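Next, two complexes with chain A in common: one pairs it with chain B, the other with chain C.
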Partner chain A sequence: MRLVQQLGEWFDERLQLGRTLREVMEHPVPRQTASWWYVFGSAALTIFVFQIATGILLALVYVPSGAEAWNSLQTLNQQIAFGWFIRALHGWGSNFMLAVVLIHMAQVFLFGAYKFPRELTWIAGVFLLLMTLGMAFTGQIMRFDQDAYWGLGIGASIASRVPVFGPALVNLMLGGPIIAGATLSRFFALHVFVIPGLLIAFVGLHLLLVLKLGVNEWPMPGRIVRRATYEREYHELIQRDGAPFVPYAVWKDIFFSGFILLCIAACALLLGPFGPSGQPDPTIIQTAPRPDAFFLWIYTLLSYLPPAAETPIMLIGPVIGILVLLALPFVAGEGEKSWRRRPIAVLTILLIAVALGTMTQLGEHTPWSPVMDAWSSDPIPTEYLKGRTPLEHQGALVFQAKQCHNCHSLANDGGKRGPALDSVALRLTNDQLIRQVIQGGGNMPAYGKNLSAAETTALVKFLETLHPPGQEPARDASRGVAVGAIEEQPSPKQR
Partner chain B sequence: MRHSILFLLSLALAIEVSGCNSAPGKPGPESKVLPPDKILNFDSLYQQNCAGCHGAQGSGGAAIGLNSQVYLAIADDATIRRVTAEGVPGTAMPAFVQSSGGMLTDQQINAIVTGIRTRWSKSNPTDFAPPSYAALTPGDPKRGAEAYATYCSSCHGNEGRGGSRAGSIVDQSYLSLVTDQYLRTIVIVGRPEIGHPDWRGDVAGKPMSQQDVSDVVAWLSAQRPKIPNQLSSSANSSEGGTK
Partner chain C sequence: MTSPESPDLSRRGFLAKLGLLFNVGVVATLSAPILAYVLSPASRKSNAGYESWVPLGSLDHFPSGQTRFATYRNPVVHPWDGETADIPCWVRNVDGKKFQVFAINCMHLGCPVRWFPQSNLFMCPCHGGAYYKDGSRAAGPPERGLFEYPNKIEGGTLLIHAGEMPTPVSRACNKSELVVIDS
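On to the complex of A and B.
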């Protein structure tokens, strides 16, 4: 113990950092901010350090080459002791980091912490968010599987829409005209050197600003921020009701950071690493690539954009979004901090959360996309086949063989591109079914040229059986008269 | 004190290490995603390519049950391989082998054929003697009408136009969509899971003979429309044909 102290003193005599460090650790914070609401920033930093550590471990084995990357991930997963666990920790760490960063940002927004004089802290934070997203995207590329390959393809095709500079941008992004080894090297450099370096620099700036300007005081309704008086008021508050960060407030940060690390470890142990999915081979067409969880909302947004709006929204939308975030502390730099007096701020957060949540959920289920193998892998439920005629069974086979199931679900299996057909017979009569199958309509292609008359008949007969028991299918009331069958069913009045 | 801390630390490490080796998240050897043309696992192949029509476990789908002991007794591997690879033209069964326009390799077709046999074939084919897969002698439509009346009419009704327990089998659209071999197979194998008995069960204690099956198929085949795929006739038959 004495030796450690002597060593410490030896270094401090030369470095003379001890005093500064102590000042940093003991900087006064308002007592009320030693709250569980103020732990997200430090947790994000903890996860960042954790990501650097696990990232270095992965980089010891990972081969950033187009031909070898996928195999080296298999080696990590299967052959190296705990390789899969380190991968899982790094992957889950990435998800947790993004989540914590977003929560931190929402909390800072709701607590008015971006207001004067902490504008620059907020701006550094916005850049930190963008870099964290950049790390998540480039990290997904490191997996170099089908998701990575097609994710890059989508990224490149967005870049290619930039007027004039599009082709040059794609070339810059991919390291050539196509996704190849050079692309992976490029993204490896971004993921391992460029963005982490920037992140470290901006984290430093962010922390320095927190130290210089002090932690945002607990917002009280009615305590208005004014440029002229705020700093004096904050100083008085610290004098009156301040406490040293260490040890007064730090234990909650330590506890929460530890809790988050345990959560990451638990997820890694229980749910394992992400992917890799299939090899990044563009000749494999039996694939349904999708982005990682935090980009699913973009996937949904792009899928639902009308074609004419795609380019403007893709290119101008992000710019506007970032500008709004950067302008926020200048537009609303003064005034109320408490969320109790800022209904629009609360509604904004709720709106964004609901929108992102909904779009992520949709991205999970991709209702806009046919399920290309539903026809051959999702059986028609046996209840839909019992008690049916031979012709109706043939219709069920036509339903599968002509791949109707890829877009239409039965008992929730199959595609969601078109309407579910479990009760289609209640909605459409025989004639309407025939017309819809042959001519298409809405988003449905016409199948008239792909179906023989017998196939159409069988298919429509099968579709006519799709109604809940006890509910009569739709029928054309004039049909009986038209085919002269009315005599067979005399109405009570005629008798 | 120090010893107990060391002990606790090593205990935690031991739990961690042993936990990691059997952790639910640990990817097993099967987690490696193979290119689609390298998959030879029967369960994956069957699930992706066959289950849609033949049912999740080989029965209960819209098409004939592949786990039927009778079907497996009459259809040999060469037949199953040919049908799987090349499909059956004129029916809903598509070709699956790459050389016929499908997505599967020859090895994958073999894996499916072997899988169907080893997974589902349980009984010894000598336990029962079903009529052969292919007709040995040509059938006679006239005798077929009589055989029909004996074995089939109790469900499919008079002259096959549909009865209370099963629908029409002389519907023009239906007959346009099935081959004679399909009719023969379904008469022999039946669809027990959805209520159609096999060749033994049509009349209790009186299985259909080899010749009965051929005759019934010939009788049905004779009623197939001469010029199939007439849209006008279909529009009429869609309302009146099955009644």
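On to the complex of A and C.
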């Protein structure tokens, strides 16, 4: 023990850091901030350090080469002791880091921590969020599997839409004319050198600001932030009701950080590493690429935007979003901090959470994607075929053979791209069905050139049987008048 | 530049500033090759070499009136590109003489489209874009038809002018009109 003390003294005599360190550790914080609400920032830092450590461990084996990356991940997964576990730790660490960063951001927003004089802390935080997202995206590319390959294609498609510079940007992003080895190399440089370097710098700035300005006090309804008086009031609060950060508040940070690491380890152990999915071979086209969980909402957004609005929203939307975040402390730099008196702030958080949650959930199910094998693997339910005429059966065959089932569901089987057809006969008359099949429209291809007259007739006859029992199918009341005689209506069929 | 109170300091201050200026000059000189290096994938000089005529194989592989899957090795390739340099495409033999070669990439976000000969449609698994057999847009979010490679036939072999990943703004685009039929 004495030896340790002597060693410590020997180093401190030369480094002279002891006093500074002690001051940092014992800097006073308002007592109320020693709360479980204030642990997310330190947890994010812990995960960041954890990610650096596990990232270095992976780099011991990983080969950042287009031809070898996928194979080296297989080696990590299958052959090296606990290689799969380190991959899983890094992958789950990434998910947890994004989640904790987002929670931290929502918390400081709701606690008004971005207000005077902590504007710069917030701005550094916004950049830290962007870099964390950048790490998640480039990390997904390190996996260099099918999803990474086509994800890069999606990125290139978006970049190509930038006016004037689009094509040059695509080449710059891919490092050449196609997605290939050069693409992986540059994303490796971004993931391992550029973004982590920036992250370390910004984390340093962020922490320095927290130390210099003091941690945001617990917001009390009615305690208003004013530029002229805030710093004096904060100083008085610290004098009156402050406590040293170590050990008064730090124990909660330490426990929560440990808990988060334990959660990451548990997820890694129980759920394993992410992929890699199939080889990055573009000639294997039997694939439905999809981004990682945190980008699924973008995938959803891109499928629901009207085509004409897509390019402007894709290009301008993120810029506006970032500008709004950066402008926030300047627009609302003073005033009420407590979320109890800021209903719009609470609603904003709820709205964003619900929107992102809903879009992520939709991204899991992709109802907008055709089910590419429904025509050959999802049969038409038997009750839809019982007691039908040969012509109607023929129509059912056309329905399957022409891939209608890929976009239209029957009894919940098949694609959800187009409307379910279980009761289509209630909505469309015979004429309307024929017109819809032949001309398409409303997001459906026209089948006029691809169906013979006989096939169309049979298909429409089958579609006319699709209505609930006891409900009459739609019919054109004027038809009898137009034809000059009352047509005999087919009696409603029982399903 | 100079401070009148302290001639000595001002001389040193001037030298320090001169030193900084010197460094700015060095960095500026160095930045030209660095920028050229960083921007080289997008420079016009290398762009011109990206595309060339690539053989897709004998015409026998592409029966008249049918659309078939084909792959080619990208003309610009490095040993470390691996299988990513094998590029797929769809070849349509229109009438035995005329050919259409479509890029695999959907013109919405670049996912690989699949051909369904039964319904004569290309369908995209991502967001449900659909195209007719001639590559024109049929339905879904794409704003235009499939990208079409220029092609020619030499000595019984089908060649296409390829080498760069097609994106929605690629130059040699399929000129087919946007097909919109309202219901």
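Following the convention adopted for this analysis, the second predicted complex is superposed on the first by the 380 of 495 C-alpha atoms of A that agree within 3 Å, B and C clash if a C-alpha of one lies under 4 Å from a C-alpha of the other, contacts with A are read in each partner's own complex, and residues count from 1 in each chain.
Keep this in mind: a contact is a pair of C-beta atoms (placed from the backbone, for glycine too) under 8 Å apart; a residue touches a chain by one contact, two chains touch by 3 or more.
Nothing here was measured: the structure is a model prediction, and the numbers come from that model.
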(request) In the overlay, answer first, second, both or neither for which of chain B and chain C A:A401 touches. (result) both
(message) According to the stated criteria, A:A458 is in contact with first (chain B), second (chain C), both, or neither; which is it?
(response) first
(request) With the two complexes superposed on chain A, say which partner A:S377 touches: chain B (first), chain C (second), both, or neither. (result) first
(message) Applying the document's definition of touch, where does A:Q279 land relative to chain B and chain C: first, second, both, or neither?
(response) both
(request) Classify the contacts of A:G125 with the two partner chains as first (chain B alone), second (chain C alone), both, or neither. (result) neither
(request) Have a look at where A:R161 lands relative to chain B and chain C in the superposition and call it first, second, both or neither. (result) second
(message) According to the stated criteria, A:N171 is in contact with first (chain B), second (chain C), both, or neither; which is it?
(response) second
(message) Which partner chains sit in contact with A:F85 here, chain B, chain C, both or neither? Use first/second/both/neither.
(response) first
(request) Across the two complexes, find the residues of chain A that touch chain B and also touch chain C. (result) 279, 281, 286, 375, 401
(request) Please name which positions on chain A make contact with chain C in the complex. (result) 65-68, 149-150, 153-154, 156-161, 166-172, 174-183, 279-283, 285-289, 299, 302-303, 305, 307-308, 310, 368-370, 372, 375, 401-404, 406-407, 417, 436, 439-447, 449-450
(request) Can you check the complex and tell me which residues of chain C touch chain A? (result) 39, 41-42, 47, 50-51, 69, 71, 74, 76-88, 104-105, 108-114, 116, 118-121, 123-128, 130, 132, 138-143, 163-165, 167-171, 179-183
(request) Note which residues of chain B are touching chain A in the complex, please. (result) 19-20, 23-27, 29, 31-36, 47-56, 60-63, 91-94, 103, 162, 166-169, 171-174, 176-178, 193-195, 228-231, 233-235, 237-242
(request) Enumerate the contact residues on chain A facing chain B in the complex. (result) 74, 77-78, 82, 84-85, 88, 145, 267-273, 275-279, 281, 284, 286, 373-380, 382, 385-394, 396-401, 405, 430, 434, 452-458, 460-461, 479, 483
